[in-house]
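Structures incoming, each one as structure tokens.
After this come two complexes, each holding chain A, first together with chain B and then together with chain C.
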Partner chain A sequence: MNDILMMLLAGVPWTVGVTVCAFAVGVVLGFPLCALRMSQVPSLRVLGAALVLTLRSIPPIVWLFFIFFGIGGGYVTLSPFVAAVVGLGLITAAQMAEVYRGAFAAIPDGQYEAAHVLNLSAPQRFFDVVLPQLVRISIPTAATYAIGLLKDSAVASTLGVADISFQAYQVSQQTFQGLGVYSAAALVYLVLSVPVALASRWLSSTLQRRISL
Partner chain B sequence: MNPMSIPLRQVPPVPAVKPAFLRLESLYKQFGKYEVLHDVNFEMSKGEVVAIIGPSGSGKSTLLRCINQLEPPTRGRIRLDELDIDAATPMARADLLKLRRRIGMVFQSFNLFPHLTVLRNVSLAQVRTLGRSEREADARSMQLLERVGLADKAGHYPARCSGGQQQRIAIARALALEPQLMLFDEPTSALDPELGLEVLAVMKELAGEGMSMIVVTHEMHFAETVSDRVVVMAEGRIIEQGPSAQVMRQPRHERVSKFLQAVRNR
Partner chain C sequence: MNALLTLWAQWFPELWKGFVLSLQVTAISLLLGIALGLLLALGVGARGKAIRYPALIIVELGRGAPALILLQYFYFGLPSVNLTLTSFWAAVLALAYCTAAYTSEIIRGGIEAVARGQHEAADVIGLNRVDALRYVILPQALRVALPSLLGFSIMMFQASSLCFTIALPEIVSRASAIGSSTFQYMPVLVLAGLMYAAVCAPASLGVAALERRLAPGVQPAC
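Right after this comes the complex of A and B.
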């Protein structure tokens, strides 16, 4: 049993790695995608909406195969890890773009008006006034999504990333103890999500108490 | 320049009337087809306090917002000191900055930045737009917070302050940029009466110090006792203006006396 657990734990860095990297990609790329989606230019707005819809409606496993076997099988060679990060990162970007859009809508017009009246420049309005509020509003939803992503990162195992699910499959094939192995794997996923949930809880309630957004 | 160095014969003739500090010339504002301001003409001199009253929807907020170009007027002219802004010609960015630098604005909903401490709220724009150092700005902010009686709140977040306190902080934030004209858009309308009083007290003090102010308000007592002049608006037009006592006690128009009666009976 100890050996089984050790094998599963060997997958943790890969699961965490895929999740953290894909989330980081999504958090950053979510901004330009959100900007497209909210653009004044109708054609850009349509493009943004189309991208978000595409990324959100195709199943992650199809995306990953498309990137790994489709694009990766062509001229560029992608490692399973990179392909998983790119695929899940793009899907995350689409989700985050929608989160940011909602957060923008939650910032009252009065904030922009005050910033204008105080003569703040456009970059100052964004970085001093809008962005900090956007981040605070986005945190709870983003954290919920991050926990989902931790679970969904299991799809990376289908490309051969040696994450928790991949290890669980290998071990169960070798030991024929499917029930025990997958129960242990479930437990590892659970233990990994708890700190994220707690951190998000703590962050939101601290910010809430201070600024009551 | 040393005035003594100007030879006497070159002294320009003293104008008969003090030139207006702010002058609005046939200002129009339309939202699409809908006309919100119609031929508004108005002037005030430096140090004057003008109250704007009138039923809701009459265009009072829009008028204030046209003055500092939060809403660009559709037609007409705004002069503030030597700045001359004609709605017909596109406005240079430099002029917009100059205009806004001279005008402070206080909103009904305070609009403090919720993610910044009270002190930072007052200091931010000083650092960003006046180029003051953080230390200079904070020192100035503390003076202003002291003045509105809230120095002890400097380290708090706005959410922990009452509405009345938030509005006084918003006034301090506007004053920190040393405006020559302050616009107030129903500064006490979102407040319980007793909290409104602390805000009105600060505004009265400011008026006493010679600040030029335009105040959209439903506080008839303030309009009558603190402001020098009252402007009454209805349906996008100025329907009456004059010295406060006269407008408030002997309005010339039936419409105005009815409005005053309605407000007083509320």
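Right after this comes the complex of A and C.
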């Protein structure tokens, strides 16, 4: 049983790596996508909405296969890890764009008006007034999504990334103790998601105190 | 372009069979899962600890484990206790469990959104607890929960693509088989993606529209 657990734990760095990298890609790319989605220009707005809808309407496994076998097979060579990060990162970007959009709407109009009245420049308005509040409002939803992503990252195992799910499959095929192996794997995922939930609660209450609203 | 359409026309019947299978697995697991989710929601809300704690554990395990692990648990795990399921039933049971865990929380949220006065009124007019739930609380709770339940159903249709890993011949399995035999991964995966998008994109837009209509504040007078 100990051996089984050790082998499963060997997958943890890959699971965490895929999750963290894909989340980082999504958090960053979510901003331009959100900007596109909220643009004043109707054609850009439609383009943004179409991108978000397309990314969210096709299952992750199809995106991953498309990137790994479709793009990676012919034109450039991609490692399974990179393909998984790019695929999950793009889907995360679409989700984050929607999260940011909701957060923008939640910032009271008075904040924009006050920033205008104080004659702040556009970068100051964004970085000093809007962004801190945007981040604070986005954290709970983003954290829920990050926990979901941790579990969704299991699809990376279908490309051969040696994450927890991949290890679970290997071990269960070797030991014929599928029930115990998969129960242990489920618990490892559960345990991994606890710190994310705690961190989100802590971060959100700390920011609440520091950034008044 | 013409060459692509010829290929797609050639592959479409094969992928269509997978599409129908994906829809079947999704539909059966949603039916089973939402019914079970309702029971779990009532269990988690129960006063007795003997019901509440087991229900909570079932829900938290189902929400905490990745759907992929649940699928493989039912397909590769259960045979080790001499319970072998076909990939179809393993898929249905795993996705139904996943559905039950998630929808129980959605339904519980809906039940909690029903105003306190409704419970009291049901009590005052002499309805017993089952009747109060059935005629007063649940109709209102499910109305609140409907957009989330539909949104979740769309996610489940997408999640059925994970059944590829337990050798269920659904869309992705068939697309991947065509890809590996013809080396034309790109076009076949685009076709598979379009088949998912053809269902999920209009459905998401519909759910968003429904959500706006049911949003508090714009409820039609009743």
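Keep in mind that, in the parts below, the second predicted complex is superposed on the first by the 205 of 213 C-alpha atoms of A that agree within 3 Å, B and C clash if a C-alpha of one lies under 4 Å from a C-alpha of the other, contacts with A are read in each partner's own complex, and residues count from 1 in each chain.
By our rule, a contact is a pair of C-beta atoms (placed from the backbone, for glycine too) under 8 Å apart; a residue touches a chain by one contact, two chains touch by 3 or more.
These figures come from a predicted structure and were not determined experimentally.
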item	value
Fit-or-clash call for chain B and chain C when the two complexes are aligned on chain A	fit
Arrangement angle, chain B at one end, chain C at the other, chain A at the vertex (C-alpha, nearest 10°)	110
Partner chain in contact with A:70 - chain B first, chain C second, else both or neither	second
First (chain B), second (chain C), both or neither touched by A:111	first
First, second, both or neither for A:119, with chain B first and chain C second	first
Partner with the higher number of touched chain A residues, chain C or chain B	C
Touching partner for A:179 - first (chain B), second (chain C), both, neither	second
Contacts of A:154 with chain B and chain C, given as first, second, both or neither	second
Partner chain in contact with A:132 - chain B first, chain C second, else both or neither	first
Minimal inter-chain CA distance - chain C and chain B, angstrom	23
Common ground on chain A, meaning residues reached by chain C in one complex and by chain B in the other	none
Residues on chain C engaged by chain A in the complex (per definition of touch)	60-61, 64-70, 72-73, 76-81, 158-159, 161-162, 164-165, 172, 175-176, 179, 183, 185-186, 189-190, 192-193, 196-197, 200-201, 204-205
Residue numbers on chain A that touch chain B, as the complex places them	108, 110-111, 113-114, 116-121, 124, 128-129, 132-133, 136, 210-213
Chain A to chain C touching residues, read off their complex	53-54, 56-63, 65-66, 69-71, 73-74, 151-152, 154-155, 157-158, 165, 168-169, 172-173, 176-183, 185-186, 189-190, 193
Chain B - residues contacting chain A, complex	68, 70, 97, 100-101, 103-105, 107, 109-115, 124-125, 128-129, 157-159, 170, 173-174, 177
